[in-house]
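Which chain is which? They are A, B and C, in the order written, and residues in each are numbered from 1.
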Amino acid sequence: MASIAISLDKCTGCSLCVKACPFGAIHMANKKAVIDMAKCTLCGACVTACKFMAIELKKDSAPKKDLSGYKDVWVFCEQKKGVIQSISFELLGEGRKLADKLGVKLCAVILGSGIESKAAELSERGADKIYLVDHPALKSYQDDPYTEVIVNLAEEYKPEIILCGATTIGRSLISRVAIRINAGLTADCTGLDIDPTERLLLQTRPAFGGNIMATIITPNHRPQMATVRHKVMQEAAVDKSRKAELIIKRYPEEVFKSRTKLLEIVEEISETVNLSEADIIVAGGRGLGGKEGFEMIGKLAKVLGGAVGATRGAVDADWIPYSHQVGQTGKTVCPKLYIACGVSGQIQHLIGMQSSKVIVAINKDPEAPIFKVATYGIVGDIFDIVPALTKEFTRSLKK
Amino acid sequence: MDYLLTEQQVMMRDLARQIADEKIKPVAAHYDETEEFAWPIMKIIADSDLFGVYIPEQYGGLGGGVMDMCLITEEFSRACGGIALGYAGTGLGTFPILLYGSDEQKQRFLPDIAKGKRLAAFCITEAGAGSDAGSIKTTAVKDGDHYILNGTKQWITNAGEAEVYTVIAITDKTKGSRGASAFIVEKGAKGMEFGKKEKKMGIRASATREVIFTDCRVPAANLISKEGMGFIVAMKTLDNSRPGVAAQAVGIAQGALDHAVEYARTRVQFGAPISSFQAIQHMLADMGTQVEAARALAYATARMVDSGAKSISKESAMSKLFASDVAMKVANDAVQIFGGYGYMRDYPVEKYLRDAKITQIYEGTNQIQRNVIAGHMIKESLKK
Amino acid sequence: MAIIPQQHMNIIVCIKQVPNTTDVRIDPATNTLIRDGVESVINPFDTYAIEEAARLKERCGGKVTAITMGPPQAENALKEAISLGCDEGILVSDRKFAGSDTWATSYTLAAAIRKIADFDVILCGKQASDGDTAQVGPGISAHLNIPQVTYVKKIVEISAGAAKVERMTEEGYDIVETPLPCLFTVVKEINTPRLPSFKGMMRAKYAKLLKWTADDIEADPAALGLDGSPTRVVKIFTPEARKGGEILSGATDDVSKELVELLKDLVI
C-alpha cells in the first residue's frame, strides 16, 4: 500500500510543506510537520517542496508491467450527422506532435453509418492510419455500441495513447472505455507532452476551477487516455496530398447492441452564435443597468460576428436569459476575443472566461478587478465607448 | 452576544437566516416596488417547515413557542419587514385558535397552517374602532346553527391572501366588554369580500385590505370558545403576538444598522471613511446599544410567555413599545448616515424607515401600550 | 408528465464533499494556495442530483440513500444530504482509499453500491468542482455494467423498469429511453435545489450513518487508493497568473480608434 511519512530527525519545522499542500493536510505540531492522513491524497507536492528531503512518499508496490506491446497515438474522431467535428482536427493536430516525438503512427478512429467517404478528410488532416467502423447502430452516439467497438479496437490493436474530445459525447464514452480496458484517463487537458525516456504522456490540466494546475502521468497502464477541450489545441493543417491507410473493421451483431434507445434528436437553434463555440464574445454585466444595455451589446456583437455573454448579476436581474451566462455557474468559454462591458470582474465570472486569448475591459470604475486580467482596458462610460466602438468596427471591417 | 439559545433554536434561526439572505434579500426591493404578495417566498418558508414552529407537534407543527417565532420573524424582517409579515401576520391570525380553540377546531385548521398551505389573518380593527377596540360595530347574530356576520374590518394584514380569518364581532351589544365573540371564517365564504389593496408608506409587500361581511353565514362550530369571550381572546392574542412585533422591529432595526455600518466604512469624505468620524461613531454606538437592548427585552418577554406566566400584558407591551421606538430611531439615523444616498430609492435604507413606522402604530399604538404599562404598574403598586 | 405510481423506488445519490472553490486562492507572494479556514461543502453539482432524487421519491415513492467516499468529515455532507431529502447516508471511508484517482474511486463506489444491492436509479452530479473530470459517474456505471445517460436535464417519465429522459447536447437535447437500473448524471438545468427543511435538519442531526470500510465492501485491495489508480499526479503548480495589460486613455473617439486598430487582426 502506498504511504507517506515525515522523517522527524530531518524535519526542521520550516513549514514550507504546509504551504505547498493543496489540500491543507499538513500542520505543525511542536515544530515538526504532521500529515493528516484523512486529507492527504499522496500527490507529493510536499515532497518536492521540502528542502531537507524529510518527506518520503512510498508509491507503487505493483511490479512494472511490460508495456512494450503498445504502440501508436489514436484520436477518436467525433462525428455528428456525418459531419466530423472540428475538435477532431484539433486532436489530430496535437496527436501529430505526440506521434512524431514518439516515432509512431497517428491513427484516427471514426464510428458512424455511411461514413466511408469521410476517411479522406482524416487523411488530409494528417492521420497515418484510419480505423473505421460503419454500422447503422453507430449513426448517432449511443453509449453501449460505441463503448463496445472502441474497447474491441483497443484490445486488438493496443494503442499507447488515445485522445478524445471533452465533449458531451467524448466524456461519456471515454470514461466507460477507460474502466473496461483498465486504462488511466485524464480529463480536460490543457497541455500534452511526451517524456521520451519513459515514453510517458504528460497530461496537464486545471483543478479547483482553474486555480491550480496538475501534471499527470499513467506510468503502469496502457493506453494512456486523455480528453481535451474544444479550442484549446490548434487544428491540424489540411494537406490534400496525404493518403492514410484505411482499415475498415467489421464486428458481429452483438457488439452493436444498445440497452438505451435514442428516440429523438432535438435541436434548439438560436439566431445568435453559440456561446461555447464563439471566437468573439461581447459580454455585459451589472454596469449595463438594464435590458436596454444588452441591445447595445448585441449590436457590437453582431458587427464582430460574435456571441453575447453575460455575468450572473445581469442574468439574475432578468436582463438576459441564463443561456448567455459566463462563469462558475454558467458557461466556460475560450474565445480569441472577450470584450467585457460594465463587468466588474468577480472571481466567479473570471473562472469562466480567463483563458480567453485577448480580454478587453470597459468599466467606469478604475479599481474594478477586471482590469487586472484585461489585455486592454478602457476606463470610461460604456454607453459612450461601446457605441463608438461599434461605429469604428463597422467602418474598419467594411474596408 | 450569546443569547443562550438552545441548539434547536440556533438551527431554526440559521435556517431562517439562510432563507432571508438567499431568497428574501434579492427580491425585497422588487416586491416593495410592485407591492405584489410574495407567494414564492411563502412557498419556500412552507417547505422549510418554519410556518409551524409555534404549533404543537400533534397538529403537525414543530412544538416550539413564541421565542422561536420571534427568532424567525427577526431574521426575515432583517431582509424585508413587509415579506416577513406574511409569516408573522399568520401567527397573529392563528393565536386565537391556538389559545382558545377547541380540539376539533385545532384539528381542522392548524395542520394546514403549520404546513404553510394556508395563511391566516386577524380581524378586529374597523374604521371607527382602532385604539378604541371596544367600539367595534361588526355584528354576529345567531341563526340556528349559524351566525350571520355583518360589518367591515379595516387594514387587515394578509387580507385577500389568507384563507383562515379570526374575526372579533359583537354578539350582544348590551353586555359591553363581554358582548363580543371570536369566529373563524374561511376565505370563499358567501358574503365575505375584500376591499382594494391599500397603498401604504411601508411594508408594501404586505397585503392590507378591508374585509367586508354582508350577511356572511358562519357555522356555529367556528365560534371560538364561548359567546362573550371575544375581547378576552383578542387581548390574549395580542399579548402573545406583541413580542413578535418587537422581533419584527428588532429585525428592521438590525437590517438598517447593518447597512449603515457597511456604508460608513466605505464612504470616504475629507480623505477618510466616515466611520472614522466621532459623530458617526457615536451614532452607530447608540444605534447598536439600543438594538441589543430591544432584542434582550423582546427575547426575555418571549421566554416569559413561553414559560406559561399568567400575567404577561405589561412586559409584552413594553417589548413592543421599546423595540418599535428603537426601530424608528435606528432607521432614521441610518438614513442620516447615508446622507443624500439615504434619501434615494435606489439605495436600500429609506425602505427600512418606511417599514419601521408601522411598528409604532399597529397591534396597539405606542400610546395605548403606555396606557397598558402604566395601568399595570399602578395596579401592582396598589397590591404592595 | 406521465408517471406510473411506483410502490417503492430505490434511489442512490453519489455525493462528494469538496472545498468551497471560491475560497481557494493563490497567494501571489509565495505562489501557493491560501487555504485558511476553507469551508467544505457538498459539490454544487451534487445538490442537483440530491434534489432530483428527492423529487423522484415524491413522484414515485421509495427511498433515497446518499453515499460518499471520503474522509471522516464527509459525514457532514451526508447529514446535509439527509436534511435536503435523503433518507439515509453511507460513508465509505478507509485509509486504503487515499490517493484514489477516478478509476479507483468509481471502483470503490461501485463495490459499495453492489453491497446495497437493490437499486433502480443512481444519480450523480455532472462533475465535482475540485477535480472537474466528470469521470466517476460513467466509471461507476461501467464497473456495475449498467446503462447510463449523462447530462440529463429532465426525467420525463419513469416507471418500474424503464425511464425516458432528455440528455443535453451542445446543439439541444436527445430523448433517450433506458431500462432500469440505470445511472444518470444530471446538469444544473434539471431543477432548482430546495433549502433544507427544519424537519430534515432534525432528521439529519439524529441520523445514524452507515460507515463502511474497504473490507465491508469486499474490495480488491489492488484496485484501491494510490495503488489502484492508473493515473498519478507528478506535479502541482500555479498557473501563470494572467497579468493586466495596458489601459488606453483619451477621448472616446480616440480610444475607440486605437482599440480597433489593436484588435483588427483578431476580428477578421
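Going forward, a residue touches a chain if its C-beta (ideal position, glycine included) is under 8 Å from a C-beta of that chain, and two chains touch if they have at least 3 such contacts.
None of the values given here were measured: they were computed from a predicted structure.
Visitor: Is the way these chains touch best called a line, a ring, a star, complete, or other?
Guide: Line.
Visitor: Return the chain label for which the distance between chain Cα mean and whole-protein Cα mean is smallest.
Guide: Per-chain C-alpha centroids ranked by distance to the global centroid put C first.
Visitor: How many angstrom lie between the centres of subunit A and subunit C, each centre taken as the mean Cα position?
Guide: Centres of subunit A and subunit C (C-alpha means) sit 18 Å apart.
Visitor: Whole-Å distance, subunit A centre to subunit B centre, using C-alpha means?
Guide: One centre to the other, that is 55 Å.
Visitor: How many angstrom lie between the centres of subunit B and subunit C, each centre taken as the mean Cα position?
Guide: Centre-to-centre distance between subunit B and subunit C: 42 Å.
Visitor: Applying the document's contact rule, which stretches of subunit C touch subunit A when the two form their complex?
Guide: So the residues of subunit C in touch with subunit A come to 19, 21-22, 24-26, 30, 32-33, 35, 38, 44, 71-73, 95-96, 98-99, 101-103, 106-107, 129-135, 137-139, 141-143, 147-151, 164, 166-179, 182, 188, 221-222, 225-227, 229-239, 242-249, 252-253, 255-257, 259-260, 262-264, 266-267.
Visitor: Contact residues on subunit A for subunit C in the complex?
Guide: 1-2, 19-24, 37-45, 48, 59-62, 80, 140, 143-144, 147, 167-169, 171-172, 175-176, 178-180, 182-188, 202-203, 206-221, 259-269, 274, 276-277, 280, 304-305, 328-329, 336-337, 347-348, 351, 354, 357-360, 371-380, 384-385, 388-389, 391-393, 396-397
Visitor: Across the complex, what residues on subunit C touch subunit B?
Guide: My answer: residues 194-202, 205.
Visitor: Going by the contact rule at the top, pick out the subunit B residues touching subunit C in the complex.
Guide: Checking each residue of subunit B against subunit C gives 8, 11-12, 15, 18-19, 22-23, 44, 47-50, 53, 62.
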